[in-house]
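Chains: A, B, C, D and E, in written order; residue numbering restarts at 1 for each.
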Amino acid sequence: MRRRQPGASGVPVILLVPALVGLAFLVIPLLGLLVRTPWSSLPGQLAAPGVRSALQLSLVSATLATAVSLVLGVPLAWVLARSRVPGRSMLRALVTVPLVLPPVVGGVALLLGLGRRGVLGQYLFSWFGISLPFSTAAVVLAEAFVAMPFLVVAVEGALRAADQRYEQAAATLGADRWTTFRRVTVPMVAPGIVSGAVLCWARALGEFGATITFAGNFPGRTQTVPLAVYLALQTDPQAAIVLSLLMLSVSVLVLVGLRGRWAGGLA
Amino acid sequence: MRRRQPGASGVPVILLVPALVGLAFLVIPLLGLLVRTPWSSLPGQLAAPGVRSALQLSLVSATLATAVSLVLGVPLAWVLARSRVPGRSMLRALVTVPLVLPPVVGGVALLLGLGRRGVLGQYLFSWFGISLPFSTAAVVLAEAFVAMPFLVVAVEGALRAADQRYEQAAATLGADRWTTFRRVTVPMVAPGIVSGAVLCWARALGEFGATITFAGNFPGRTQTVPLAVYLALQTDPQAAIVLSLLMLSVSVLVLVGLRGRWAGGLA
Amino acid sequence: MSSTSGLQGQLRVRRAEFTLDLVLAVPAGSVTALLGPNGAGKTTSLSLLAGLLPLDTGRVSLDDTVLDDPGAGVFLAPERRPVGVVFQDYLLFPHLSVLDNVAFGPRSRGAGRRAARVIAQRWLERLGLGEHASARPRRLSGGQAQRVAIARALATDPRLLLLDEPLAALDASTRVEVRSELRRHLRDYPGATVLVTHDPLDAMVLADQIVVIEGGRAVQQGSPAEVARHPRTAYVARLVGLNLYRGRASGTTVELDEGARLAVGPAHSGPVFLAFPPSAVALHRARPDGSPRNCWPVTVAGLEQQGNLVRLALAGHPAVLADVTAAAVAALDLVPGAKVWAAVKATEIEVYPG
Amino acid sequence: MSSTSGLQGQLRVRRAEFTLDLVLAVPAGSVTALLGPNGAGKTTSLSLLAGLLPLDTGRVSLDDTVLDDPGAGVFLAPERRPVGVVFQDYLLFPHLSVLDNVAFGPRSRGAGRRAARVIAQRWLERLGLGEHASARPRRLSGGQAQRVAIARALATDPRLLLLDEPLAALDASTRVEVRSELRRHLRDYPGATVLVTHDPLDAMVLADQIVVIEGGRAVQQGSPAEVARHPRTAYVARLVGLNLYRGRASGTTVELDEGARLAVGPAHSGPVFLAFPPSAVALHRARPDGSPRNCWPVTVAGLEQQGNLVRLALAGHPAVLADVTAAAVAALDLVPGAKVWAAVKATEIEVYPG
Amino acid sequence: STSGAAAGPSASPKGALASPTSDRPSVPALSGNVVVFAAASLTKTFTDLAHSFESAHPGVHVQLSFGGSPTLAQQIEQGAPADVFASADQAVMAQAVKAAAIAGTPQTFATNVLEIAVPVGNPGHVTSLAAFADPSLRIAVCAVQVPCGAASAKVFAVAGITPRPDTLEQDVTAVLTKVELGEVDAGLVYRTDVAVAGAKVLGIPFPQSGAAVNIYPIAQVAHAPNPAAAVAFIDYVRGPIGRQALAQAGFGSP
């Protein structure tokens, strides 16, 4: 058993086998899709009107939803992991609620909460004239609602695994909690935040049920690719698959590009 | 600015405000649901036949899917984070594919891969007589397909954040990679694995599109709560909400119980 | 300086099976060394002072500010304490360059980015690390990392400085330099310093007061000279046994501040410290001829028996401590008042720039 | 033992701006000490030997096994090397108890759970940590953690032992004990040992061979006695300046293995080590009266000038090194062949159980 | 209640094409957006109709939002700014009426009947509804909670068959997907769905389908932002061009 390079590709069989099975499990269905795709019809499908705008809307709204989730979710994760507010484990479980809620019910909940007649939404409407549903903002909110918990839970896990003594060292250097958070905690758990953001973005990109319920399905305004896929499934399942693959390729490209840059920054 | 207990509930405003906004954003829609729930009809709804079996099936299959994901996903995350197989960043992006795929398309992909005429499934069927669709196993597989990527990405993030020098120390003590993985790596990234498993379980519990597409919907065999909720939505939205809340409460209870135990073990 | 100036601490805390119970008073501008065996509670004491661990009971105040007083419900968070800490395991931020590690404190305490970097660069250069400014801590050797940790703590100009074995990882030559730098800094430093060390020379050179703790309690306390002269246990005697003088060198001769003159090995110039262990002092009935460059008449002022050793306090110019065996005491008839010659070899005397 | 028995290393590696280029040969059963200033490349050398860093070029072999040879494309993974390492920053597993940390090695190398724990418990007790067996490493003090790290490395019975400043965090008294324990272990230990230390006494007591490195290159190499007798630089002279003898104590008298007899301070019995620095040796033209218990006639065999100091090799019973000033050389006319009396105070002699 | 609704201009296609121009002087010119919430099964038909409606009324822009009928109803009840609601299910529409979300009376504009769908090649040799009781076959039908499931239950009752389905799908599309992929040997779907699927499935009509005719109602939403355009669109769908397009897609007339 000799090889060059320590820590190199020598992966123990007992890990390699399940890893390969896992990979196959995730990839074989994708292969199924690829094999059955009517490649000849692809150019026509992609050129169809609305595809570009749906793709653009999907990418923009998923990215915005991720931004919202980062801004709100990372602090939330920090509070859950670091502070000693009472009832923390209850709060933590509540955060996972949107994960468990069937997305359509999530959309209904959003309507009931933020809709024009919702618990909070009625005031938004009567006081400020803001009506969220059926707008692009609603798409972002629906996606954030469904995807943010992934970020929060992932980042909280990373925070728990991090060595808190570095934060203590920062405190002795006069850094208040915010400075410590910004300059020590966040950089040290950066890989966890990146993972969380990737999960969040991917989930937002694929979001369907809550979006169609809360934001409706208007081409150019709220029709993201998954909604377009849903409609295509009604009329032309092949087109639906082509559309899904298109979104997949874009997301894989984005993630490969992103990871390359991030990994460089971190390693 | 004086207070007792270092590192206590003193949370800086600049973190507290976004955290609270984030929490409100996740909780207000839930409040909307709770406010509009027809509480008086609740006992009747819960006693309805099929509710118990759907809940049981949901919990069992989500737990099995999480177990499958742990067994396959943790090694996969390790390979992605630690080994130097070529094309790793491509593999990593591929793993996120099921996140991005609209769940219904995910179900179609599973049928194309593992169905009776699928890429792999046709051999399973003709050689072993195994037909996965429409079985409880299919529910578990569909949920695992959709939920495993969450585990993989979260665990990979945790692995990247962990200090690899402890693994080097284990190697100098004669531990092979598997022993190191089992006795050093896994315990040290345990919080990340727990986060990933929670994400995975919650996502599996709420899974709808891929399940109904790949496993179908048959009470007692493949009808999980989200499927029952979806159908109830068609005729009796109130009942659907009650059913969702039931599942939520169960999942919150499970997570609170679990976290309490885990946190005790880790802190 | 008011009467409350400096650090006043009454530290009591339980950690699992270990209990710490210690009273500390460190006047502003002075240095207290904590000495003691492994697990005595030295690091725990520093954690209490830094606010990383709250007191169970007791009280800590610095100048006129109460830092921790559980009885009164007062606790000042670490970041609000004007404290600098060198941790035993450094805790350098792995994601920041060496320069930014050192600049972290000044920036957190309000300096601009550029100003903080200038301060940091100056400190790095003083500690001989100028060329590593842009490196990541992971790329440093153990000794380099420790020096960065020292620079980081000093760069904030704290009113209370806590140093946990700040020189342990340094090699012999670097240690001399860093010790001098630290002494230079502490001499001009208006705040209080608590220093944990295992090295008696560090304690003698740097500290105005020594507190020896064992099992969480102070077993002896006083100025280095007092503790050295009257060690309560053999452990303490061994730990703090040094003759220490301050003087002015020109070449291999040092004019002591207290008036006498000693020959030393290596040539120096300017203010210096001289140190040699009591065991290096030979006593003779008559003036000996031979290699020892330093010989002067002394009178036995006191004897303290520590096991098989006797520590003698000798009056003379300069006054000096000597460790001799019981056999030598008998042979030379060393009773109080006895007059003998003390001899110290020039090569036995350690010389440090003061 | 065959001629290739032990460690043969030709180590070459570049790390950013730093280049290491070192040849090491450590026969089985012997100990080589790596000495050198901070950042000299000591830890880097150990990483190469442990397989935590691959060579750029060169070759490392242990007994008859090639561990690393980039030219031949051979690299043995760390876990396949029969190597034990004490890391400079310990790297104790935070999630395992102290006992399980120490039992980790034996278990990984095939012992059963219970057998491994028995081995671990024995090692912990030898190092005075029996009562901390069930504690988590986080709860240990710095010195306790270091002892656990030593126990963990020794418990695997490796054929190559790599120790990176294994005694740095230990207090004076613990250090003596742990050093003795380590020596006892190394004496019976059939494998090769490489020891990094800043403490000359550790090097002299524990090592058979000393390699001094600076800036990644060996600047001097040889047995402690050779290096001590002919130090190439003042730095080396200072670093390795110790007279070291082995003998058998009864009370305060030690019968040296080479025949002579020396008086010491504390009473001991059984085999011991005696150590004192060359600076502790006073030379006299005539036999002096006075406190030095040990006086014997010697002949100047050699002189080596180091700056202002002169290191004399003196033949006699026992042979001894003495550091004196240039002034003393002139005053006593110390030319080769000159006959003088050497005097060493009993209290200057450090005694360690051997 | 909806059967006698075919009022307005006469049903000749020519007349329908001419009517917008001839109506223009008598009706105030339509303008602005008209928002149409329509059942997903109407996607293709309504998309085409919207285009021709827009060219007939150059000032009007039709915005379509497709989804499941219950979802759309829920959104409308929550105040969605819709003008027209076209449901695939009478019960859902009735629910919306009850919730006061609908202005006026809903009108029927299309019907649909069930058909048996089998994979290409008909591997299960299905010829009639009786196959649905064969336990050796893989069978998919809609769940009773959704309209196609209710309709299926009716035809089974009329035919006196106890079906042995392997799955109760959430909508016809899901049934159709499984038929297309060959995962089931037969499914019960609407005629329009078989038409959409083209060559990928084989439709087998059966005599009992008349027992369950699915009715599609359309209505103006209460508080519609653009009621005039809503009325015009509803009329257009129910008019000759609408009927022709619906017929082409396989819908029956009201």
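Methods note: a contact is a pair of C-beta atoms (placed from the backbone, for glycine too) under 8 Å apart; a residue touches a chain by one contact, two chains touch by 3 or more.
It should be emphasised that the depicted structure is a prediction, and the values quoted were computed from it without experimental measurement.
Among the chain pairings, A-B comes first (most C-beta pairs in contact).
To overlay subunit C on subunit D by their CA atoms, one rotates by 180 degrees, a value rounded to a multiple of 5.
Look at where the CA atoms of subunit A average out and do the same for subunit D: the two points lie 57 Å apart. Inter-chain spacing, taken between the CA centroids of subunit C and subunit E, is 89 Å.
Between subunit A and subunit E, the centres computed from C-alpha atoms are 35 Å apart. Among the residues of subunit C, those in touch with two or more other chains are 51-52, 77-78. Taken residue by residue, subunit B touches two or more other chains at 5, 10, 108, 111-112, 176-177, 188, 190, 230, 233, 237, whereas all remaining positions touch fewer. Residues of subunit E found to touch two or more other chains are 71, 74, 177.
Residue ranges on subunit D touching subunit B, taken from their complex, read 50-52, 77-79, 81-85, 87, 91, 93-96, 104-105, 108-109, 152-153, 156. Within the complex, the subunit A residues that touch subunit C are 165-166, 168-177, 179-180, 183-184, 187-188, 190.
Contact residues on subunit A toward subunit E in their complex (touch as defined above): 104, 107-108, 111-112, 115-118, 131, 133-134, 212-213, 216-219, 222, 230-231, 233-237. Of all residues in subunit B, those touching subunit A in their complex are 5, 7-12, 14-19, 21-23, 25-33, 35-36, 71-73, 75-76, 78-79, 82-85, 89-106, 108-114, 118-120, 141, 144-145, 148-150, 152-154, 156-158, 160-162, 176-178, 181, 188-196, 198-199, 202-203, 205-206, 208-209, 225-226, 229-230, 233, 237, 240-241, 244, 247-248, 251-253, 255-256, 259-260, 263, 266.
Listing the residues of subunit E that touch subunit A in their complex gives 37, 40-41, 43-44, 63-67, 71, 74-75, 78-81, 173, 177, 180, 196.
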